Amino acid sequence: MKLFGVRLPAMSSLLIWGLLWELIGRAEFSFFVPPLSQVFSTLFEIFGTKAFQSALYETAYAFISGVFFAIVIGIPTGIFMGKNRLLDELLLPWVNIFLSAPLTALVPVLMVLFGFGMKSIIITTTLFAIWIIILNARAGVLQINRSLVEMATSFGASPWDAFTKVYVWAALPEILGGVRIGVIRAVKGVIIGQLLISIAGFGALFELYSANFLMSHFWAVLIVLFGLAFTISEFLAYLERRVSYYAAKR
Amino acid sequence: MDMLQTNVQTEITTAAQADIAVSVSNVSKNYGDVEALRDLSLEFPRGQLTSLLGPSGCGKTTLLKIIAGLLDPTSGDVLVDGKAVTGPGPDRAFVFQDFALLPWASVMRNVAFGLELRGVAKSEREAIAEKYIANVGLSGFEKSYPHELSGGMRQRVGLARALSVDADVLLMDEPFSAVDEQTRRKFQEDLLSLVANENKTFIFVTHSIEEAVYVSDQIAILLPRPSRVSDIIRPTGLREKDMLTIRRDPEYLDIVDEIWASLRSYVE
Amino acid sequence: MLNRSLLLKFLSAFIVFGAWEIAGHIPVSYAFPTFIESMKALAEMTFDGRLYAAYVETLKPLAIGIAISAVVGITVGLWTGLNNWFDWLFSPIFIVMQAAPLAALIPLLVMVYGIGLTSKVFVVCIMAMPVIVLNTAGAVRNTPSSLIEMGKSFQASRLEVVTKIIIPAASPVIFSGLRLGISAGFIGAILSELKITPTGVGDIITFSRSIADYASMYAAIFSIIVLAVLFLNLLEKIENYLFEGNVRGYASD
């Protein structure tokens, strides 16, 4: 977007929306919308508090473990599916089912099986992220140029070499794309888990603040959370672009 | 020798007789810092086919789109029938390099699309489209969709669409570049009959020297960016010959060689 | 060869349900009924009409929410895709919404709109809307420029270019955005039934769990997953049928 010939940065309109928010807040239009400035000053107060730090820690812990399992299980599964037709045909229907299934419905099962704690939240996070990671890793392997593999074999590469030196790299752009979407889903999964399973982490803060009508606190935490989620997703998109430079030239 | 003499003679007379359908004067076009065209002037005689020939990226498409009114020149004027071009008009029709067919519309609707946009009633426009579909040899494919056609057939749909609006000037941007060699030769022959039978002005962009010499009344050779007309060649003598033997004609071969000689220094 | 893939699908289902059955017999957990027990409970629920009543309840916020999201989302998306100013103004909001865990808004929605239908519809909307808007806007922006130039060269008005070229060209991607929106809407609908107030299928799940009738709980979950997956697959089939060739049809292949 250009204004008087000057390019406006991509996300700059958020400033306008922030201003609008401030005005609505100042006009005391609604109890639920305090002015943005007040939200920000609350934000800096909250940062130091024990409650916020432990919520951040709990959420990060569940999120990172969930994503870790999704990646460590998902990528190899996807690669094997891409390489082995039988495995692929057996697993693919299930991957597709869970990709589009409303996973929130499974959370109660996790609760009764794994209890109302961190374990269930981590599994929820993994469940949200893993399917798209599998599917993309599979797609990445399937599009690998056959002659690339034959080239490696013709130079006497062992199967392990072919795997680590050709497959993984040739499929990397797709794999990273899957991880990016998976991670975005994991952020949603971790919050849904915290709201449904045990009131923990940020979920607990949201409940606490809304029950006590602490609106600026609520919005402050929400802004932090959205900001984190957005930063993570942009960072991964950046990484993906760094790698995808060769994707177009294969 | 004698022969050449008469050729020169006819060339002079035709050039004097022909009135000008499209005239481009002192046109420049900049894309930001890129200077695509600089001070380009060229005239297109009515009822004839003029080729724009030049190396890739020299601004042939740009010039064609300026004439079509799809792009505004940075400076200079384009006159069609003496009137300045300010935008697309009913007097010009464009044949696109990538066909630009609507994938969700049948051949019939695609061919009639130009008329549809001009508000021609359905029955009437379909009757006209039907005629041009038959003309380009696609009868029986009216209900087909673009993805069911071969590249050559798609290009004929694009051609039929441009013909059906009955514009005086046909602007063709590398119309045969996406079809195979056999189809291309067939199209070139069809184009020659089209030029002979319809009193339309054709402006034809091509990469191929042979193609330009084969189909053109006039060839404008463009230099690399910033582009101007470096030379105008009129293979007039060829037009009276049988289209089946032109490729063996010494004059044809001479002209091809001559153009290549003048262009080769710009390649690489 | 067609039979091979079908056969393998059956085999795969057999292995998974068989494993479920065996795991239920061991049992791996007191809260893990066998496959057959769960299916029995499902049949029972279906025949006594409980399931039907529950779905009427569950699908209400979903249908309303999706309808609102579709109308608003496609309109805003078209606008955003067609106009640079709207793009600059609105896109960031939806990009952030797409990346953000919007479930966090639920406690606030409950405070503002109570625990009734409105809140649930809202949850469905915030889940479904971003992807619909972003897909629509992206599809509009990606209309092949030669098609638009073709329209212009025949002097189409701006309105004609939009209605006769841009919208038809964008409709496959708009439709798949709608499908993704519905998929997200399902997540939202269940989430709101589990989190806000137990109604419909959420009620069966919550209630069965509270009385330790795990077979019924699994049956209800099984049914909602099957329903969502079948419905989304059906939409995908319709999509492929409607827009067959639309993608392949662009020239120069």
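By letter and in written order, the chains are A, B and C; residue numbering begins at 1 in each of them.
Operating definition for what follows: a residue touches a chain if its C-beta (ideal position, glycine included) is under 8 Å from a C-beta of that chain, and two chains touch if they have at least 3 such contacts.
Here the structure is a predicted model, which means the values were calculated and not measured.
A.B. asks: If I rank B-C and A-C by number of C-beta contact pairs, which comes first?
C.D. replies: A-C
A.B. asks: Taking each chain's centre as the mean of its CA atoms, which one is farthest from the centre of chain C?
C.D. replies: Of all the other chains, the one whose centre lies farthest from chain C is B.
A.B. asks: Can you work out the whole-Å distance between the CA centroids of chain A and chain B?
C.D. replies: From the centre of chain A to the centre of chain B is 53 Å.
A.B. asks: Where the CA atoms of chain B average out and where those of chain C average out, how many Å apart are those spots?
C.D. replies: Centres of chain B and chain C (C-alpha means) sit 50 Å apart.
A.B. asks: How many angstrom lie between the centres of chain A and chain C, each centre taken as the mean Cα position?
C.D. replies: About 18 Å, centre to centre.
A.B. asks: Provide the residue numbers of chain C that touch chain A in the complex, in ascending order.
C.D. replies: Where chain C meets chain A, its residues are 4-5, 8-9, 11-13, 15-16, 29, 31-32, 84-85, 87-93, 95-96, 98-108, 110-112, 183, 186-187, 189-191, 194-195, 201, 205-206, 209, 214, 217-218, 221, 224-225, 228-229, 232-233.
A.B. asks: Which of the residues in chain B end up touching chain C in this complex?
C.D. replies: Residues in contact with chain C: 65, 68-70, 87-90, 92-94, 96-105, 113-114, 116-118, 145-148, 151, 154, 165, 178.
A.B. asks: Which bits of chain C are touching chain B when the two form their complex?
C.D. replies: 144, 146-147, 149-156, 160, 164-165, 168-169, 171, 243, 245-253
A.B. asks: Looking at the complex, which residues from chain A come into contact with chain C?
C.D. replies: 1-2, 8, 10-14, 16-17, 32, 86, 89-91, 93-94, 97, 100-109, 111-113, 184, 187-188, 190-192, 195-196, 202-203, 206-207, 209-211, 213, 218, 222, 225-226, 229-230, 232-234
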